Amino acid sequence: MAILTVKDLTKSFGGLTAVSKVNLELQQGELVGLIGPNGAGKTTAFNLLTGVYEPTAGKITLTKNGVPKEIQGLKPYTVCKDGLARTFQNIRLFKDLTVLDNVRIAMNQNVKYGLMSSFLHLPSYAKAEKELEKKSIELLKIFHLEGKKDEMAKNLPYGEQRHLEIVRALATEPSVLLLDEPAAGMNPAETAQLTELIQSIREQFNLTILLIEHDMSLVMKICERIYVLDYGQIIANGTPEEIKTNKRVIEAYLGEEVDNA
Amino acid sequence: MDNFLQQVINGISLGSIYALIALGYTMVYGIIKLINFAHCDVYMLGAYIGYFCMTSLKLGVFPSLVIAMLACTIIGVLIEKIAYKPLRNATRIAVLITAIGVSLFIEYGTMRFVTANVRAYPPMTGWLAERFKIGNMTITAQQILIVASTIVLVALLQFIVKKTKMGKAMRAVSLDKDAAELMGINVNSTISFTFALGSALAGAAGVLVGIYYNSIDPLMGVIPGLKAFVAAVFGGIGIIPGAMIGGYFIGTVEVFVSGYGNSLYKDAVVFAILIIILIVKPAGLLGKNTKEKV
Amino acid sequence: MKNIFKHKTLQKFISILITYAAIQGLITVGIIDDYWQATLATICINIILAVSLNLITGFTGQFSLGHAGFMSIGAYVCAIITISNPTTVGFIGGIIAGAIAAALIGALVGLPTLRLRGDYLAIATLGMAEIIKIIFLNLEITNGAAGLQGIPQFVNWTWMFVFTVGTVVIIANFLKSSHGRACISIREDEIAAESMGVNTTKYKVISFTMGAFFAGIAGGIYASYFYFLKPDLFGFLKSVDVLVIVVLGGLGSISGSIIAAVLLAIISTFLQSFSEVRMIIYALLLIVLMLFRPQGLMGSKEISLSVFKKIGLKSKRGKEEV
């Protein structure tokens, strides 16, 4: 069953078309890679999917509990509620807040008490907050961050900040997770560890994952299918093996010279 | 009909003043994204410098105007160097708060020296006291002076921004400060130059207002400053022709509200226009919408 | 865990009661005379104003320059109601009606303008406050520029204390809740917050409306204590006054706002007859703070008993390591 379908998605900034007639389809439970050279429009595609940008044209359909819903042009928080969560390429944590708060904020949409209860700290507040903290710590444990729950997010080492981004996205209880270069800036050992973590959260939370990544070892190892984006257009789609040997992909990455040589 | 045309003439005179002040706001905002609250006080200082030139030094109108412009240029550059430059990498709220601080400091500092009393500009003599009658309308020589000076100054500004090397640097820095710096443009001196230009225009506006309305006081800049800022926003902040259009529009609206409606509400109408523009088209009449890069 | 929590709440409660009783005692004995009682009223009003503006600017990150406008709505509504019904019920009703009126205007203004970025919002709120001022200048019921005189005085130390503590507790509680954290996330990174499911518009309006509500309360207390109102009292300078307190105390620190409110009220009392000098000092304070300590006295930290405990623990640990 397709959980996320993107049809003819287009975004123009003035005269520049950053994303042009992109079609994607993610099946329930798949782990799909989105690769392409710098400036190919990968992050723009993510911004369109999550509602940060409004598409110029095209449809995005997200299926939640078997019911398809068109989400293009909706506000990011609505898209998030519908089950699409993301991380950011250039780490956008709430830097001056604690690790725990970063996670708790992402759980905001499911909070079970009203304003009055928050003003007066009524029993419903105490109960819900306790539950919230418990759930947050459970999520943090997956990435071994529970011991640092009271540290400021900005004081975490770089790799852990990337992990926290993923935890925060998970806290919104998504069905589809978009990861924007989760291994950027990590060393091979860290990348290998991250690879395992991504696979394990996919199973544990029954996730469908779309992943932008430049680290080919990671992409080729864990993605079942790969889309290749170049100049805003999908130029190839297939299994890692197929992509590795695809002539257009090699051209896109290495330029025309290879062809002539 | 005559009354209508008379209001238009008055509106254009007042609008010229707003346009001159608005240009300073818009250029500074364009280049460092700061609402320079102190700008309206440079205008006030210009009025006082002109006043002292005419009374204590017994100078004529034109020398006074030039001296006020030069003095305001120096003041504007000093404000930038002392208060804003150290905060180049601070948050925008921090710089805005500093700007409010500088503005209050100039206002109440000036009050210490010249007292809060209203002072009257010396009466104009010679051709500047003339009035011209066309039918039932009156055009004063002062109004002609205001409009003519504005046109000359704006033409000069347009020439500097479009044709000179410094103007090119200003436009480059306002587009992308870092890229401009990499291209060998001295960003600091370009910003200083922008403050210098804006302050000179504000100084001129101060003297012209003194001549036109005949009274000056240390807090005279606050309300016109806000209105000029509204004018800059109306035309599209950062855009020089936008500030002109905005200035004339706000000036005319204000005169018409006083003339045909209730003059007590003239300020409220200007602020209401501001809020409506910000809601309907925050980028202003000539501006383009931009969105933050993620 | 729960016991410790209860214990802490109890400690806080007791220290609040002691503060109340101590000052009440000083008033009864006459050590705090009428002159200093006015300073006390100013302190309470400024605490309410500063904490509520801090909620909007320091915690939610929305720069407002129109706080005096909301205060004036509360002040006039409360004054008009208490003049027509000079009883304690009328006063309480007036203060609450004033706060609700301020909150309504806050929501009305906030809904469209809160989409604006930082400095644009600042100018829009400044414009709004000016419009409110001009309306009060021209209405008959507010007696225009001459203002309202002889407003029945119901506020005493007890009422001021109740309202001040109530404001601080409600806002502090709110900030420690999920809703409050949503507001803080907007300050931290609006785009990330929205992507994590925070309805940023809704929370900005909630924060703005709450801020306006409490500014209205401060206005009501002002009207009732100083029994004289005129529109000029609530101009741009009043908004800047409040901003100075918030910035000095630290954007994002409630205890900072309280400390700064007390400090500046005392300074102003001494400088009462030199209003120009006071403004020059305020202006220099803003500039120097931004240049050398933009985080204010407290940064975004809070003073609480746990801070002292932490310091104690650290020094202990340090000794052990040595």
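Order of writing sets the labels: A, B and C. Residues in every chain begin at 1.
As a working rule, a residue touches a chain if its C-beta (ideal position, glycine included) is under 8 Å from a C-beta of that chain, and two chains touch if they have at least 3 such contacts.
To keep track of the chains, here are their UniProt names: B = Branched-chain amino acid ABC transporer permease.
Keep in mind it's a predicted model, so treat the numbers as computed, not measured.
Enquirer: Among the other chains, which touch chain A and chain B together?
Expert: Touches both chain A and chain B: C.
Enquirer: In terms of CA centroid distance, which chain is the most far removed from chain C?
Expert: A
Enquirer: Per-chain Cα mean versus the mean over all protein Cα atoms: which chain has them closest together?
Expert: Taking the mean of all protein C-alpha atoms as reference, the closest chain is C.
Enquirer: How many angstrom between the C-alpha centroids of chain B and chain A?
Expert: 48
Enquirer: Roughly how far is chain A from chain C, going centre to centre by Cα mean, in whole Å?
Expert: Result: the chain centres lie 40 Å from each other.
Enquirer: Taking the mean of the CA coordinates per chain, how far is chain B from chain C in Å?
Expert: Averaging C-alpha atoms per chain gives centres 34 Å apart.
Enquirer: Could you list the positions in chain B whose residues touch two or more of the other chains?
Expert: Where chain B meets two or more other chains at a single residue, that happens at 294.
Enquirer: Return the residues of chain A touching two or more other chains; collapse runs of consecutive numbers into ranges.
Expert: Only 52, 88 qualify.
Enquirer: Could you list the positions in chain C whose residues touch two or more of the other chains?
Expert: Chain C, residues with two or more chain partners: 191.
Enquirer: Which of the residues in chain C end up touching chain B in this complex?
Expert: 57, 63, 109, 112-113, 115-116, 118-120, 122-124, 126-128, 130-131, 134-135, 137-138, 191, 236, 240, 243, 247, 251, 276-277, 279-280, 282-287, 289-291, 294
Enquirer: Over in the complex, which chain B residues touch chain C? Could you list them?
Expert: Against chain C, the touching part of chain B is residues 33-35, 83, 86-87, 90-98, 100-105, 107-109, 111-112, 116, 222, 226, 229-230, 233, 262, 264-265, 267-268, 271-272, 274-275, 278-279, 282, 292, 294.
Enquirer: Which residues of chain A touch chain C once you look at their complex with the stated criterion?
Expert: Those in contact with chain C are residues 50, 52, 75-77, 80-81, 85-86, 88, 92-97, 101, 104-109, 111, 113, 115, 117-121, 125, 128-129, 132, 168-169, 171-172.
Enquirer: Can you check the complex and tell me which residues of chain C touch chain A?
Expert: 170, 173-174, 176-182, 184-185, 188-189, 191-200, 206, 300
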